[in-house]
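Below, each structure is written out as structure tokens.
Each of the next two complexes has subunit A plus one more chain, namely subunit B in the first and subunit C in the second.
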Partner chain A sequence: MVFPVARRIGRSALVVLLVTMAVVALLSLAPGSVASVILGENATPESVAALNARLGLDQPLWSQYLDWLARAVRGDLGSSPLTGQSVSAAIAERLPVTLQLAVMALVMALIVSVLLAVVSAVRPGSPADRGINAVSSVFLSVPAFIAGPLLVYFLALQLGWFPVMGWSPIGEGVGANLRSALLPATAIALTEIASFHRLLRTDLIGTLGEDFVGAARAKGMSRSYVMFRHALRPSSFSLITLAGINLGRLIGGTVIVESLFSLPGLGQLLASSITARDVIMVQGVVAFIAVLYVGVNTLVDLSYRLIDPRIRKAASV
Partner chain B sequence: MSAHPVLQVRDLRVHIRTPRGVVRAVDDVSLDVGHAQAVGVVGESGSGKSVMARAVMGLLPPRSGSSGQVLFRGRDLLSLSRKEKTEVWGKRIAMVFQDPGRSLNPVVRIERQVTEGMRRLLGLNRAEARDRALRLLREVGVPDPERRLRSYPHELSGGMRQRVMIAIALACEPELLIADEPTTALDVTVQRQILDLLRRVQRERGMSLILISHDLAVVAGRTDRVAVMYAGRLAESGSTREVFDAPRHRYTQALLETTPTLDHERHTPLRLIPGSLPDPTSPPRGCRFAARCAYAEAACDDLGPRPAAVGPDHHVACANPAHAPAAAEPPTPRTTRAVGGDSLGG
Partner chain C sequence: MTDIDGAVDRGTASRAAPATADGPAVARPRSSRSVLVPLSYAWLITVIVLALSAGLLPLTSYAIPVGPPRQPPQWGSPDLLLGTDNLGRSILSRCVHGARISLVVGTVAGLLGAVVGTALGLLAGYFGKRTDSAVRLVADTMLAFPPLILLLALSAVLVPSARTLLVGLTLLIVPSFVRLARANTLVWSAREFVLAARNMGAGHRRILLREILPNVLPPLAAYLPIVMAALIVAEGSLSFLGMGIPPPRPSWGGLIADGKDTITETPHLVFVPSVIIFLTVFALNQAGDHLRHRFDRTLTD
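Right after this comes the complex of A and B.
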């Protein structure tokens, strides 16, 4: 048990390392530097060079990266030369928003898609199944930046149920917080619902054809009992994988929705830092997101042990 | 045999829609199962024996239809309401499936799989159900039942799993147990134990049993009556002894002759029935076996022979049946495999 887990963590660390290296390399290809952003349009080449030297940006790329890495492994991600705010503080400030969005969207998507998949799988090809499939195709092909404005137009502007944009922190009241989070979370969830529904529907139909489902029916158990207590769990392995991968993706990937609804999340921080060539901030945020992403995926892999007893016996994960 | 049959299958037809056409899996089959009686149903793969069992259990596939009657204690199972069905299936009729590796839920502990039926149908509480489960597991020969209750199916051997399946089937003391090829997926050495276990619990409880198998030897020693099916139709039925000692249907006869024996001369080909089953989507008009039958006459192609009585408890659907034992050489089933034969009593 210990050895495979240790090997896993080692592999994950390598992934994070490669991601940060790639980010530094990519940003160095982009023209401009944070010094010219700080000094504005009227900066002379001499003053830009001087500021670059002061920030250590005149050093070769590999030495900059190694310096950053040496501090990062000790937990010091540095501070933004632009705002002076430390990268860790900036992340801590933005993370709750992104995390809440991602988790809310995922929970909403899971609840809705499980119910829809059950309805679909009970009678594949029935009018209900075909209707759900049609709607889910629509959801799957409508990106969040289309769904978002549509939701805002109908539910916020026309009906006035939700604020059009902006964020109420949870400290200012749970109701207001949920109201501000619901529309963006829904915009993210729609696509997820569609893909979750398709996956679980297929797996459920497969499981319902298994002998043990027939055996449970032959025991005199009701249809709903068999569905929820016998069929759902063995059908949900791929769904859990997908949901885990998507949670990791959403933590770094709600950029568009955060911009649309102007929410102060990680995605927005990343987007603005890239525009400002704030390499230190981008590096820190990307490294943080990579760690989270890899961590979530490792947890998902380990969770198979909980849901499928057959894996607990297997030699390594 | 019995004045009050537990189960009466009357003119049962089951058709299943497939991409290739409608398969008439069970075509006009009638069968009685008496009280405390063990009835064997024998036939090749595709003969309709499993579909018939599933029709009795209400487990037909979605794209299928049925007609006729399945009378259980006089009530037609095919026309029961959903609520009435739950009163019968699981509680009064139970089933043991072919492959215990597939009929136990891989992610649910044995305890819940054994107890959920009795808790729901008999209203037992958790502790009572657990006690009963332990008793049942002991009865079917599962060693260390306390530990087994906490196990998952993959931690048990195939034979153990089938014993658990039998315990599950017995949980509500059913009046009728249907065992659909209960040993086909098991090792030969375990097969006999499971079959003897089934026969034992059937006798001890005075329960009725339908034992479905493609293996004549399985059925021979352990049933009171036997029904031979071919391509969805009933070929011959009667007391096990009579059907095996004096088969009248040409198919039964051919089947018994093909049973390999220990004294089979070496390096000579095994006897086979030439040909194969008719196309299930368009079976021949007359006797389904006519194309493979060495004794077929013109009449066999014209009329589908109806089962006719040839003895007190012996029906045959054959236009040109074999002669009574006096004339024909009686092919007796011989013990050919470890699985056993007549010697085990019956």
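Right after this comes the complex of A and C.
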């Protein structure tokens, strides 16, 4: 039990090291030098050399990385050469918006997809199941950059139910906050609903055909009790794993909707830093997101082993 | 957004669910899919033919205004069939030329990534041990970047161009194919005919290329449409953020981005490219599901 867990954590630590190495090395990919990217085309060679020296970019790559790592573990990701703002402060300021969007989208997708999958799995092949399947394959093909503008057009502009853009912080009232977050969260939730529904439906149909479900029904338990207490539980594990994997797409989705709805989140910070050629900020944000993503997936993997007794026994892989 | 790995995982997940393949329960939705599959292939063929013959069609170039800006779709000249954009350029022409970018990007990056990923996955699955750990570590590292974030990071330091885009998108899908190819190779290299070939004195090269690869290829190829759909979405997302193909060359995501500011007055600027992307991604997903059911036997066995 302890050995595979330690191995999983060790492996993730190795991945984190490689990821951060890749992010630091990313800067050396820039044609010319990073300083010339930041300073633009009409920079003098002297100012380029000065900025390179200030950022430590004239050092060999391995020493750059060690420097970066030593500062990063203390929470210092450098500061933007354009605005002077510290990268970690900028991330801390923007993170709550992105987190709220991602969590809302995930919760929304889970609730809707569980309901749809239960209806689907009760009678596979019924008109209800077919209708839900059709909707689900449509949702699967609607990326956030299509869903966003369409939701804005119909629900915000035509019906006026939601603000067209902008963000109300939770301090200005929970209602206003939710209203400003609901449309963007829905735009990224659609694909996830479809993806969760597909998995859960297949899983549930399989589970409902097993002997223990038949036994529970034969003992006189009601259909709904068996469905929610017996069948959904084993299926929820694969759902958690899929949610962890899909988190990457969800993060990408937040970048899209934050730019579309002008929400002050991490994605918008990333997009505006790219436009402004603020490479140090981009580096910090990308490293932060990647490490967070690895961390969440490691936790998902470990929790899965801890919760599911079947895996606990077979956890030698 | 794009998650090819999500698509892959759906495959594994349904693999784990027992006894669903032969039950009458699953047979019915499959028959309802058969209506959409020919329609999907028809749409894909139409898009491919239009994109290939873009230069031959009676359309004005995508960069030249053909009328007043923001005209609604109308009959008459073929240029105005889908209306005009903010600068009076033909939307039909821009959509057709945008299809070229999307298809080229989807196909080339898809194939490149498939070749590289399959090669690595074959080696990892066949040789195991250190090769396997090394390849898996590289694949895990690449998967540690959320897809769009990886593309954005690359676009921050590189000059945006079709070539940069292709490199980024290829990197995006290599790890998924590594995982798929590795899993399939593990299954096949344990089979008796591989042992027989080895006992007859066949080298690693021969076993990999002549015994294992032909068996691994069909299920991998069946994933290509789904991968292409994901790549088209990725390219669209990037262009939507203004970091894909640089203007004036049109791309589908760019068309939506151009139209979104005037969506109140002229919604067709957004609707037309949205519908085209949706239909293409939908058709590719349908085709992919269809092919996977036919060729990926691990799904149904």
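Assorted remarks:
Keep in mind that, in the parts below, the second predicted complex is superposed on the first by the 271 of 317 C-alpha atoms of A that agree within 3 Å, B and C clash if a C-alpha of one lies under 4 Å from a C-alpha of the other, contacts with A are read in each partner's own complex, and residues count from 1 in each chain.
To be clear about the criterion, contacts are C-beta pairs under 8 Å (C-beta built on N, C-alpha and C of every residue); 3 or more make two chains touch, one makes a residue touch a chain.
Everything numeric here is computed off the predicted structure, so don't read it as measured data.
In the superposition on chain A, A:230 contacts subunit B only, with no contact to subunit C. In the superposition on chain A, A:174 makes contact with neither subunit B nor subunit C. Judged by the touch definition given at the top, the superposed model places A:140 against subunit C, while subunit B stays out of reach.
Contact with neither subunit B nor subunit C is seen for A:115 once the two complexes are overlaid on the shared chain. Once the two complexes are overlaid on the shared chain, A:25 sits clear of subunit B and of subunit C alike. Between subunit B and subunit C, C contacts the larger number of subunit A residues. In the overlay built on the shared chain, the residue A:14 is in contact with subunit C alone; subunit B does not reach it. Looking at the shared chain after the overlay, A:238 reaches subunit C, while subunit B stays out of its contact range.
In the superposition on chain A, A:128 contacts neither subunit B nor subunit C.
Residue overlap on subunit A between its contacts with subunit B in one complex and with subunit C in the other: 210. Per the touch definition, subunit B reaches subunit A in the complex via residues 54, 57-59, 62, 86, 89-91, 94-95, 97-99, 102-108, 116-117, 120-121, 152, 154-155, 165, 168, 171-172. Subunit C contributes residues 1-3, 5-6, 9-10, 13-14, 16-20, 23-29, 32, 137-138, 140-141, 143-149, 152-159, 229, 233, 236-237, 240-243, 253, 256-257, 259-260, 263-264, 267, 270-271, 274, 277-278, 281-282, 285-286 to its touches with subunit A in the complex.
In the complex of the two chains, the subunit A residues touching subunit B come out as 123, 210-212, 214-222, 225, 229-230, 233-234, 307-310, 313. By the touch rule above, subunit A contacts subunit C in their complex via residues 11, 14-16, 18-19, 22-23, 26-27, 29-31, 34, 37, 124-125, 129-130, 133, 137-138, 140-146, 149-150, 152-153, 157, 191, 195, 198-199, 202-203, 205-207, 209-210, 238, 241-242, 245-249, 251-253, 255-256, 259-260, 270-271, 273-275, 277, 279, 282, 286, 289-290, 293-294.
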